[in-house]
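Letters A, B, C, D and E name the chains as they come in the text, with residue numbers starting at 1 for each one.
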Amino acid sequence: MPVMKDKELRIVGFLCNWCSYGGADTAGVARAEQPTDLRIIRVPCSGRVDPLFIVKALLSGADGVLVSGCHPRDCHYSSGNFYARRRLEVLKHFLPALGIDNARFEYTWVSASEGQRWQQVVTAFTRRIHTLGAAPGFEDAPLLMKTADMAPAPLRPLGTGKNAPLESLKQAIKEKLPDLACVIGWKQGYDDAHTTPLFAKKPEDVDELVWGPLNAANLAVYLPLFKGKKVGIVVKGCDSRSVVELLQENLVAREDVTIFALPCEGTLDMGRVNEKLGRYNVVGGIAHGATNITITTDGQEHDFSMAEYAQNKCRGCTEPEAVLSDVRMGDSPLVQGEAPVPQELALLDAMNLDERRSFWRTQMERCLRCYACRNACPMCVCRDYCISDSRDPHWMTQEAGVTQKLFFQTIHALHLAGRCTGCGECQRACPVGIPILGLRQHIARTVGELFDNYRAGIDPAAVPPLLGYEVEERNIREREWK
Amino acid sequence: MSAIRFATPDGLPAFLARLSENSRILAPAVKPAGKRSVIFEDWHEGMPVILEKATVPPKDAVLPQCETLFTYKKSKNPDNREDVALCLENRAEARPTVIFACRPCDARGFAVLDRPYLKGPFADPYYKAKRANLTVITITCASGCNTCFCHWVGGGPSSPEGSDILMTEIDGGFVLQSMTEAGEKLLESAGLDDGREVFAKAEAARKTAWASLASAPAIKTAPQCIAALFDNEQFWQEHTEACLSCGACTYFCPTCYCFNITDEGDAFDEKGGRRLRSWDNCMSSLFTREASGHNPRTQKALRMRNRIAHKFSTYPENWGAFSCNGCGRCISGCPVCLDIRAVVLNAIAAAASEA
Amino acid sequence: MRIGVFVCHCGSNIAGTVDCAKVAEIAKNFPDVVYADDPMYTCAEPGQAAIEAAIHEHKLDGVVVASCSPRMHEATFRRTVERAGLNRYMFEMANIREHVSWIGKEQQANTNKSAELVEIAVAKLRNNRPLAAKTFDVTKKTLIVGGGVAGIQAALDCAEGGIPVILVERESTIGGKMAKLDKTFPTVDCSACILGPKMVDVAQHPGITLYACAEIEEVSGYVGNFSVKIRKRATYIDWEKCTGCGACSEKCPSKKTPDVFNEFTGTTTAINIPFPQAIPKKAVINAQYCRQFTKGKCGVCAKVCPAGAIDYAMQDSFVTEEVGCIIAATGYELMDWTIYQEYGGGRYPDVITSLQYERLLSASGPTGGHIVRPSDGREPQTIVFIQCVGSRDNSIGRPYCSGFCCMYTAKQAILTKDHLPQSRSYVFYMDIRTPGKMYDEFSRRAVEEYGVEYIRGRVSAVYPDGLGRYVVMGADTLLGEPVEIRADMVVLAVGIEAAKNAPALAEKLRISYDKYGFFMESHVKLKPVETNTAGVFLAGVCQGAKDIPASVAQGSAAAAKALALFARDKLENDPQTAQVDARRCVGCGKCIRCCPFGAITETEIRNEKKAQVIETVCQGCGLCTSTCPQGAVQLSHATDNQILAEVNALCR
Amino acid sequence: MKNATDMSQRHDSGFTVEVGAQSGQKLSACYQCGNCTAGCPASFVYDRQVNQIMRGVQLGMKDEVLDSRAIWLCLSCSTCSLRCPNNIDVAAVMETLRHMARKENRVAVGNVEKFWFSFLNTVRAFGRSWEIGTMALYMMRSLRLFTDLDLAPEALKKQKLGFKPHVVAQGGASSVTRIFKRYKERAEREGVRP
Amino acid sequence: MNYAYYPGCSAKGSSADYEKSTQAVCAVLGMNLVEIPGWNCCGSTPAHAVDTELSAALCSRNLDIAAQQGVEKLLTPCPSCLSNLRHTAKRMENPQFRARVDELLDNPAAPDFPGVTSVMQGMAAHCDANGIASFIRKDLGQLTLAPYYGCLMSRPADIMDFGDPENPTLMECLLAACGAKVLDFPLKTACCGASYGIPERTMTARLSARILRLATDMKADAIVAACPLCQMNLDLRQPQAAKEADAIFAMPVLYFTQIMGLAFGLSPDTLGLEKLRVSASALLDKLEPAPSISKTPVEGGQSCE
């Protein structure tokens, strides 16, 4: 079978120099006939294959991508393929979230002596891609607008935190303040209905600290900026996971950060709150009930029950209390039940691949590429050197097309694999409300499934799954070539 | 003599449909999501007519998020491969465009953009072509809003600056008033009813809107005050601590006009190379990073100083008007609720105390 | 850039199915390509000269050759462009032979594919940068793993060549399998007599440091500068003090300790010296059987030791050695033949392995060199030798020939006749494989002079007849009949396998091993001693079955490789290493965590933590590059932009 | 004196391929170690040893193989398959050869086949085998009227053999009969010997 | 506990004693064997020797009946039946083969067949060695037994799934649990000559003689069989074997169920011992009442599986 009967399709192969490229050579020496579609890019090691190369190829018109390396244990660099196996497997799971059929991507192991196996792999993969046909694009996918359903019931009673021991906390902060450059918390923002970060340096600053459902922002994002200085931070449970993740990644030193924690009763989804408040001139006041807050604007009262207006993530939250803290006050809330599938993810799950491509095209069109999602993300530590706007490396162009925008979301999601705590700041920060959190949730779920229910930001001493490997992976099986 | 017309709510789609025969219509469209947004989009028949203030201003009509200025191709002489010919293709395109239902602040944005792009020593041909083909139909605001402050900076709920037509909602419909020749021409052929009879109602509505605004603080001294604070790094640091450097504020500012130019693609490729102009963001460290790697504004405080100063000090110095028109999007859209008004007022106060 | 493209015909190898001239013509339109040609044989002397000439004539600053696999000729052409004054890394290859012309017959598709492969190569080349190697110092010392005859030979040759040697042996004595043999083929000279002096040389050579009862724990570093952590197992004897007098084992009450050295044909004491010629001649306690350990009291040896060397509290200890190269000589083991239930699966005492038989033959063995049946101590009259037990047997996943069994079986049959002139020996064989000097003559002597009955066929089953003998059910395929022999004793020529922890050692050394655990040489024919990891060499059976002469030869060959390596004072690294852009680096250390070689360290630049690559340690895998989210670490010659250029050339 | 076998004349590669395909075995893997022969309990009655049969198949010597007695005397005990170092299911090859021989009506040991048919006839009739019926039919077919006569008294005394056949209840017998009928009809339709 | 049961034809004829003792011993163990209705002959060796599809059709009919009854696991005492049923189940996984077989059947066979296993394995799964020991009423300590499986029980290994195909040990485990001394009998899986006793008497006689000879030389009190045909060859045809080997044998050949029954204190009559050609009376003489009802755990394993 020299060439597939139909027109050649674009298949890109990334082969490690030591085993698979040699295996392809061996196949050639043995005159093992193969379909001609494949174009091979030689890389030193399968561990060199950044999953982003694969996404880049698939988004740029490749119909299939094949990665092949040395068999596990046989890596010329001893462990490169172990890392590759994890990263590529995560990618394999992730591609469908974008609407890309993951049958278009495969990775395998072929040694330098396995010419016959290489022939079999190329033939089977090419046949598979021909069965799938040319890859559909994003730019011309039919429009499809969909929104997530309401969130399920929370795992704990949500409230406004009005009875939290805020004053005792302020006292505790004041005691520690002399040793700290500042303590990061929340204070009232441009009106009563909005908060803004507080950087308390003097005791009187501490009096401005507020606690309650308006404290949506995850302040952990500021910690790396204070690298080398001693700072305090007030955290909700979810924020504490970001702090743990930063500690795990050496971006903050444990001795430099003092963590103040109160049990969180949930935060408001300000997008929906603002939508309900509509256009108003002034906030006349805000009243905290046990499970609701009332905001008066231009004389009109608006009631927001936590059950209805809490952020989606708060409903599935299993860590209302900080997972790590130095000063902790208040009673531990009771969490019951298992975290449900988050709404944004459920929305993705409910769609087929075609629908997902349409969905993302529809959503991504309005992306401004402001990258607020990135800058609000506590785990986006590259900051000023993000590869999305560099020329060396030159991953992306400034073009405003859907694929560029979606590729950025993929970069963010893949870079967050095993690191994202699901804090949702990316989506919260998006000025045009694109439900990008679903992609991060998708990858977090994959990481959990593949790596023994691993959740980021729980254990500061854990090895992040994609920075480690097992010689025998428990949940990754090589797929057979038949 | 301006043209005045009246349209019922039901009549608006027909009006737009008529306009769309000869022009592209950019009108607000709702994007439902957990966080709802309103975006200017190509309007075509069958779409609802939305009059809400958009999340993102219609700046894109004259200054696209990314535009291809020109493409370039190289081709080799078959007889001498070292002889390479370069061929440029200008891509300045300008379709007649009508912006429908932007707000006065948005429209004033075009006035702010016009100065550097058209009135300086060199007119920008790409901008110029688009601007010349643009007609702006503005809906006046019926009230103020908690984040708006147009009247601080010389605007107002029915400010006509930058608009070709002002449209004001009254009982039972809308009064459309042309403010420019282009607007007049448009209204004359728009097939709408005469509105002179109800024009008074529109004027009354505009007055009511004005009256609803809280009084504006005096910020006339802002240019000098901010200039005076140029070296006060502590002031800028205190006001920038919460900033994430995301620059979302600049992307949905109707008056931010900085851009970046990049080349993409290969000149030998079929598609050719593309010279792209795309929005840039002064809040990003990249904005001032030089090729050598040196960056005069590494701190976000200095970048914030630049943004505030540009809007309230340097631009006014050059052009005699604030380049902020008080739309308030940078406040309502900021992920951490930073308030530019507070910065300006604090700067005036700080300068006063310094002095 | 000014790029020249050379599309090789390779005679008809490529031109047969690829229109090379057309590929060259298409290539002329690629960016920066100013010259393209399609020579007949690019790698031949005129072909290389033409490249050099074109570089000069057309002022080329980059060259693409489309021909065979870069694994074949990349090094060749890099030298070519270097001769013409270009940096060797301003060169790329497109593999249009192994990956195109040899795997498909359709000329149009092949031509198109070749042109695209050239296009990728040009795209990459346009992003290439000249790279320069760094030189680094060499630790002129060799570490040898395994003290069998191959390791001993390598150690002696290295030491004689003036290179210090660290010899690490797992057992308590060196000598390996050869030390257990009685006589050796084809000369039937005494194994101990020829190996013994070499073992003594090892002990006495000032350049050789011997660690017995020791194993490799960790290996880091790279050619020229390996750091090897060695675990010295607790022997419970202070060897500094032990004189090897043997008083301890004379008095040891635990006399039923399995005798490992004698292949379990007898028992020994819990504290013992395996055999009189052991090197080092030091006692070791087998804690599994020593009463001091099993019962918590005894202490006899401590009482009788005149040197006071007994130390029951001894723990494993570690020592780290810095060396420049490593020779693996870990030898082999016999496969577990008891999976052959048809031969009794180890339940019949008189069905034994050839190595056990060797101990029975040996004068220093448990029977003092008398051949007797383990079951009842009687001299056997009929002995059946079965060859290929665990060799050439696909059904148990061992299709390979163990190489030396044919010869030692002939030897054992001859020795049997010497020991027991009245006995009859039968050898069941499939093929006689004796390709060595004097080998076939030797095996013929067994038949012609010693009357050994060779029967061509396998043995299907062996079972006791209930009357004290064994029924051997075989076939004589030459006769075309099944045959049966009542035997007193059955000796199995058990196949070999790689040492049990060979794969684990391979992983530490970062070398490959085949699916049977034998280490992979760099090239089967042309680099049989080298591995794919620079500075790691192979000697002896760890690389594949071989007999004593071949093992000794390979030991010497490995030593020659070590000496050649150390003939230079400085080594050059491969400049395809990772580079850190310190400005982009945020100091998160993810690259440090992943680097398989410890080649990235943390440094401080203006009070900020940054990653730093030790270029001489970096092996160029690029794992760091794909790990760093901000792209701050870039692997030279495989940077993100270089690979992206290739992807972009393919997908648009 | 027998002439040397002309291999080029003899080799019927189609036969080799057919045996390989029907048995599902890789025949070229056989390297003639003789383990099958060594382990075969019936080898002493064979005219050709198992390894010789395998060799014959490899060489495509169809007549020699299909006309051999060995393939009829194979006990199907699978010892050969178990001991084969090359994972060849030799017993399956032997059975395949038997099927091929039967279909071509080459039955070197007629009595074996007659016994099988005697057995199967009782199954066809009653749904279950019937030992006395089998014996009777076999004696008639083979004309060996004294087969196992020495055992009869003991067997009968111990009531080892039933004088009445066991007939399957619930119409099972006729259902089995129909299986045989369809089998025979299909074989005839396909032109092979049932 | 009820178990679906396929007795095989010989249970209704030549090996009625196997059947009788199997039923009796299973009853003691609490296993109630329920015959599947309307079962037919598996075709034995003649069917598959003639045609694989014919053999599969005969077996499929039985497996189909069991499947229709909702049976998950079917027990059979006869290794030949077991082999045919298991081979058929395996071959029917091939759709082309299945289609050919379905043509021969009244109705297409059920898509999924129940698993088939030997009564011996069924016992071991039902009851561990200690459980078996708890039923012992007679001391078999004086008996030395040669376990004999025959060639079909453990081969081919992938089909039969009966432990090491060269060296199965399940019967040893059961017999040891019953208190008997069990020989490591090397010819335990050798072929007895199968049904060739009729067309090729000398072959079967010689093969049986070999087994009888070794058992005699190893001083076994009896050979213990698990296959009706093997038992018939070794017992009923023992004189033929003796004649062929020019020897005198007096080797009782019992079914393993008969031995177990003896240990459980069942009467010879219940176990059909009278049907043996070579009398087991010498064996019975060696039995002694168990010293006490043994509750002591049997060394070396709770389970024979």
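Basically, contacts are C-beta pairs under 8 Å (C-beta built on N, C-alpha and C of every residue); 3 or more make two chains touch, one makes a residue touch a chain.
These figures come from a predicted structure and were not determined experimentally.
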Remove chain C hypothetically, without shifting anything else, and describe the chain groups still held together by touching. A, B | D, E
Neighbour overlap between chain A and chain C returns B
Among all chains, whose Cα centre is located farthest from the one for chain A? D
Which chain would you call central, comparing Cα centres to the global Cα centre? A
Centroid from C-alpha atoms only, then distance chain B to chain C, rounded to Å. What do you get? 71
Could you grab the centroid distance between chain C and chain D? Build each centroid from C-alpha atoms only and quote it in angstrom. 51
So the centre of each chain is just the mean of its C-alpha atoms; given that, what is the distance between chain A and chain B in Å? 32
Note: chain E sits from chain A at a C-alpha centroid distance in Å of 62
Which residues of chain E are in contact with two or more other chains? 166
Please output the residue numbers of chain C that touch at least 2 other chains, ranges allowed. 342, 461, 583, 652
Do you know which chain A residues sit against two or more other chains? 383
Check the chains against each other and report every pair that touches. A-B, A-C, B-C, C-D, C-E, D-E
Residues on chain C engaged by chain E in the complex (per definition of touch): 341-342, 344-345, 347, 461, 463-467
Listed in rising order, chain D residues that touch chain C in their complex are 29, 31-40, 43-44, 48-49, 51-52, 79, 83-87
Contact footprint of chain D on chain C as seen in their complex: 342, 388, 392-396, 430, 456-461, 473-477, 480-483
Residue ranges of chain A in contact with chain C within the complex: 2-3, 8, 10, 12, 17-18, 21-22, 24-25, 27-29, 31-36, 39-45, 47-51, 53, 56-57, 60-62, 70, 73-80, 83, 87, 119, 224, 227-228, 249-251, 381-383, 385-387, 390, 392-395, 415, 463, 467
Which of the residues in chain C come into contact with chain B in the complex? 28-31, 33-36, 583, 652
